[in-house]
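The structures considered in this document are given below.
What follows is a pair of complexes built around chain A, which joins chain B in one and chain C in the other.
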Partner chain A sequence: MDIAVETRALRRVYRSRNQEVVALDGVDLRVARGQRYGVLGPNGAGKTTMIKILVTLLLPSSGEARVDGLDVVHQFRELRHRIAMVSGGENVGFGMLKVKEQLWMFSQFYGMPSAPSKRRIGELLERLGLSEAADRRVSALSSGMRQKMNLIRGLITNPRILFLDEPTVALDVGAARDVRDEVRRWMAEDPTRTVILTTHYMMEADELCDRVAIVNRGRIVAEGTPAELKQRVQQNAIVDLQLSPGGRLLDALRAVEGVAAASVTEQDGLDRFSLQLSNDAALGGVMRVVEGSGRQIRGVQKREPTLEDAFVKLVGRGMAEEEQA
Partner chain B sequence: MSTAIRQWRGFKAATRLGWQISSNWTQPLVFVLYSVLRPLSAAFILVVMYRVISGGGANTAAYLAFLVSGVAFWSFVQYGFAGLSNGIAEDRGEYKMLKYVYTSPAHFYVYLLGRGLAQLASAVASALIVLIVATIALGLPINPLHINYPLLLAASSLALLAVIGLAMAFGVLLLQARDAHGYGELGSGVLYVISGAIFPISVLPGILATIASLSPLVYWMESIRRSLLGSQAIRMFPSLSDGDVLLRLLVTTAATLILAHLVFSWADRTARQKGLIDMETNW
Partner chain C sequence: MSHPSAMRIFLKTIVARAYPRFVAAYRNRAWLITETLLPLVGTIAMIYVYRALHAPARFLGFVVLGGVLLAFWQNVIWAMATQFFWDRGAGNLELFAMAPTSLAAILLGMALGGAYVSLTRAATILLVASVLFGVSYSLSGLLPALGVFVLTISALYCLGMLLASLFLFYQREAWQLADAMQEPIYFLSGFYFPVRSLGAVVGGVGSLIPLTLGLDAIRQLILPGTPQFIPLSVEVLAVVAQIIAYAALSQISLRYLERQARQDARLILRST
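On to the complex of A and B.
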């Protein structure tokens, strides 16, 4: 197998005056060339730290990482020609430059000839619907447009491996779709390109990625194709239960015999409990607990498993749930 | 494609970026006015202060020439040093682009060099404006036909290298600070005092005078005055010939560059170790 990215026992500890945070706790990652690879995990899981190490922005505390066969610590100069990184969710850019000027400058930082770069920038602006903004100042762009421009900056230099850190975070639905579409199109142009993207959106990982690593607290807890990961919870029945708001119920539900895992999210003013039931009889026990709580049942559905369910089963809680000490 | 061509492209783009950032924040007319008025008013304040203090003694004219030539060329330090070291902090904090520049194949040195050299045009313009206006207004003994241009150019080129080296090291060192805003002025202010720009270093207390005599900026200032004013210059090093001054400038510049390189490398590695290149700051 042709490996694009490989890490061994990768570890990163942040030290500040009075505490240590283990952001990566022994990560072994293998990404084959040509894949759209997703790193999925909740906030604080260590996704950004991993990306930063892989793009030579941050040194690991220990362990090893190779990108395109090059060591990220010692061969960083050569590596930088072959990669690009784009982070979402931040208002970046040299505000006083025109959009196309800023993009051109980055093509120059990558040592590319000027004329073909300009052509490529024009194409990409067109593809992402930014042609009209080409001559506008960066500071005049909406945050969604800036994020698209930032994606273009990552694409124009034709990286062998593209790193996207939460590329659609904070984008509206339309812009997020444009970004995902562009990633697909860019990958389809050349089968030897590789994308590694982090996300905490289940749907994004499911829809966009060939393979996914689920990370939690600095560790990879599962890895596989989205279908394989969902397969892991296939033996359970997944039931969504919409309840009126009320006191804490999750622990009581988890304690019910036959409930393999449970999580809760808020949705339209209701609490949506997702339950993984290892046998149908468990539903009776669940209903008794709900009745005892005094909450109203507003809806019950059985549905197909998602990556979120896989995460809940592996980690014991939902992605959006606050971690409990 | 050769590495040199790639780096050259990066260098040119960095220079352009530096120029755009320093000039493009306002209307062109406002920028020109600002560029003219800022150095003139700084020089004006010093001249007035000196006149008030000295009360127009016998040596006034010679010292005014000393003062004005120092202040005029100080623009190189101001623009180069403050401009560049603040620029690194801005790239990180305000524009949040430092991480993208840093992980690009453009050598960080090359990028910063380009970003710093972009200030050169402003610095030269500023120095010329102050010199011309002050020479006419104060009747300084500067005659453009009698300037020792080779000495002026050689000394200023060396000093420019030293300033940019110091600024790069200082700027990368500043990445350690969460809010690196304003330290650039502080750094150039310190250099101002120990460079002989506004008074001879002999008036400094002992230890500072010794430190100053190790700084290339002092020999640069001395060379500037000798090349502009010839025999009328107040000399900080009367016993040294022009060649000796230039030699000292060369040696101190070389030492400065070595020191700057060591500091830069250390700070750069530390920044990568601690994740400072994209640290969230207080902008």
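On to the complex of A and C.
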């Protein structure tokens, strides 16, 4: 297998005067060339730290990381020619510049000749529907347009490996779809290109990635294709319960016999409990607990498992709960 | 894989990083007031102090030349040395650092872009104040003075790169330090008076700033009667030595502190 990214026992510790935070705790990762590889996990899981090490901005505390066959610690100068990174919510550059000027400026830091650089910028602006904004000042762009511009910045220099760190965070549905579509199209142009994507949007990882690593508290807790990960919860029945707001109920539901895992999120003013039931009989016990709580049932739905369910099963609680922990 | 040469990337980076500064100067003309008119008023105010004291005419020239070089010092400190602090906050520093270019080229680009504003400011002060107050200069010394000026500015930008590498590492503290050292630098480098007045020890310490010796040399060349701090030839040699020393130190420092910044997560915005 031709490997694009490989880490061995990668560890990163942040130290300040009073505390030590282990952001990555022995991560082993292998990403084959040509893949769209997702790193999925809650905020604070260590995803961004991993990316920042791989793009040579941060040194690991211990362990090894190689990108495109190059050591990120010692061969970083050569590696920087081959990679690009785009982060979500980026506000980089200079608001006074026009979009095409800003993109040209960043291309020059890679030594691109001006004429091909401008031609490539024109093509990418057209592809992402930004041609009309080419002469608009960066400061006048909407967040969606800005993120498309940032994606173009990452693509101009034709990197072999593109790192996307939460690329659709805070984007509306349409802009997020456009970004994902462009990533797919860019990958389809050349099968040797590789994308490493961090996200905490399960749906995005499911839809976009060939393989996914689920990261929690600095460790990879599972790795596989989205289908493989979902299969881990396939033997369970997944039931969503929408309940009126009320007191704490999650622990009581987890204690019901036959409930393998449970998580809760707030949605449209209601609490949505996702339950993984190892047998159908467990539903009776769940209903008794709900009735006893005095909450009203607003909806019950049985559905197919998602990556979120896989995460809950692996970690023991939902992503939102994990972020608050 | 073949890449553009390091020199090509270096030169392209300088031009590209200077570009936003040129554009900003062209698209927003407010700097004509803040960067030209207000410093001119400050210089004129100092000239009136000397006039009120009935100082010799060459003292007015000291002030004018001090005002000219002050523009470049401020460009180096505020538009170059401390700039990584703001670039980090905006997320630009990450992108500069992970590009296959050098941070020295980024800094030189910033300085080049800012030099346009500094040159305009310096030329305005030189022309307006000299004409307004009838300051005369020795014509025979103009060309050598221009040569010393170029050397002084080169040494100054090399010192700026050295400071930028320190500011990259110490960040907010260094930015506050730059703010705190502003007035002492004005004093030690003799912006508004001949540095000889400070005496050998204080003047010697002030000479670590390239402006001190450069300014004194320029004054000696075009303002006859300037009290000599040290001989002109020694001053010029010292400025050349500063170019070499600060250039070498800044390169070593930039590389070392960039590595330290990667170690200590000072290049990045988010840490998890």
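A few comments on the model shown:
The working rule: the second predicted complex is superposed on the first by the 320 of 325 C-alpha atoms of A that agree within 3 Å, B and C clash if a C-alpha of one lies under 4 Å from a C-alpha of the other, contacts with A are read in each partner's own complex, and residues count from 1 in each chain.
We adopt the following convention: a residue touches a chain if its C-beta (ideal position, glycine included) is under 8 Å from a C-beta of that chain, and two chains touch if they have at least 3 such contacts.
Computed from a predicted model, the values in this text were never measured in an experiment.
Superposition of the two structures on chain A leads chain B and chain C into a clash.
In the superposition on chain A, A:91 makes contact with both chain B and chain C. After overlaying the two complexes on the shared chain, residue contacts for A:28 are found with neither chain B nor chain C. Using the contact criterion defined above for the overlaid structures, shared-chain residue A:46 touches chain C, although it does not reach chain B.
Legend: residue contacts after superposition of the two complexes on their common chain; A:56 is shown touching both chain B and chain C. In the superposition on chain A, no contact is made by A:240 with either chain B or chain C.
When the two complexes are laid over each other on chain A, chain A has residues 14, 52, 55-59, 77, 80-81, 83, 85, 87, 90-94, 96-97, 101, 104-106, 108-112 in contact with both chain B and chain C. Of all the residues in chain A, the ones that touch chain C in their complex are 14, 21, 23, 43-49, 52, 55-59, 77, 80-83, 85, 87, 90-94, 96-97, 101, 104-106, 108-112. Within the complex formed with chain A, the chain C residues making contact are 1, 3-5, 8-9, 12-13, 15-17, 19-20, 23-24, 27-28, 90-92, 94-101, 106, 259, 262-263, 265, 267-268, 270-272.
Within the complex formed with chain A, the chain B residues making contact are 1, 3, 5-7, 9-10, 12-14, 16-17, 20-21, 24-25, 95-97, 99-107, 111, 272-273, 275, 277-278. On the chain A side of its complex with chain B, the touching residues are 14, 52, 55-59, 77, 80-81, 83, 85, 87, 90-97, 101, 104-106, 108-112, 114, 153, 157.
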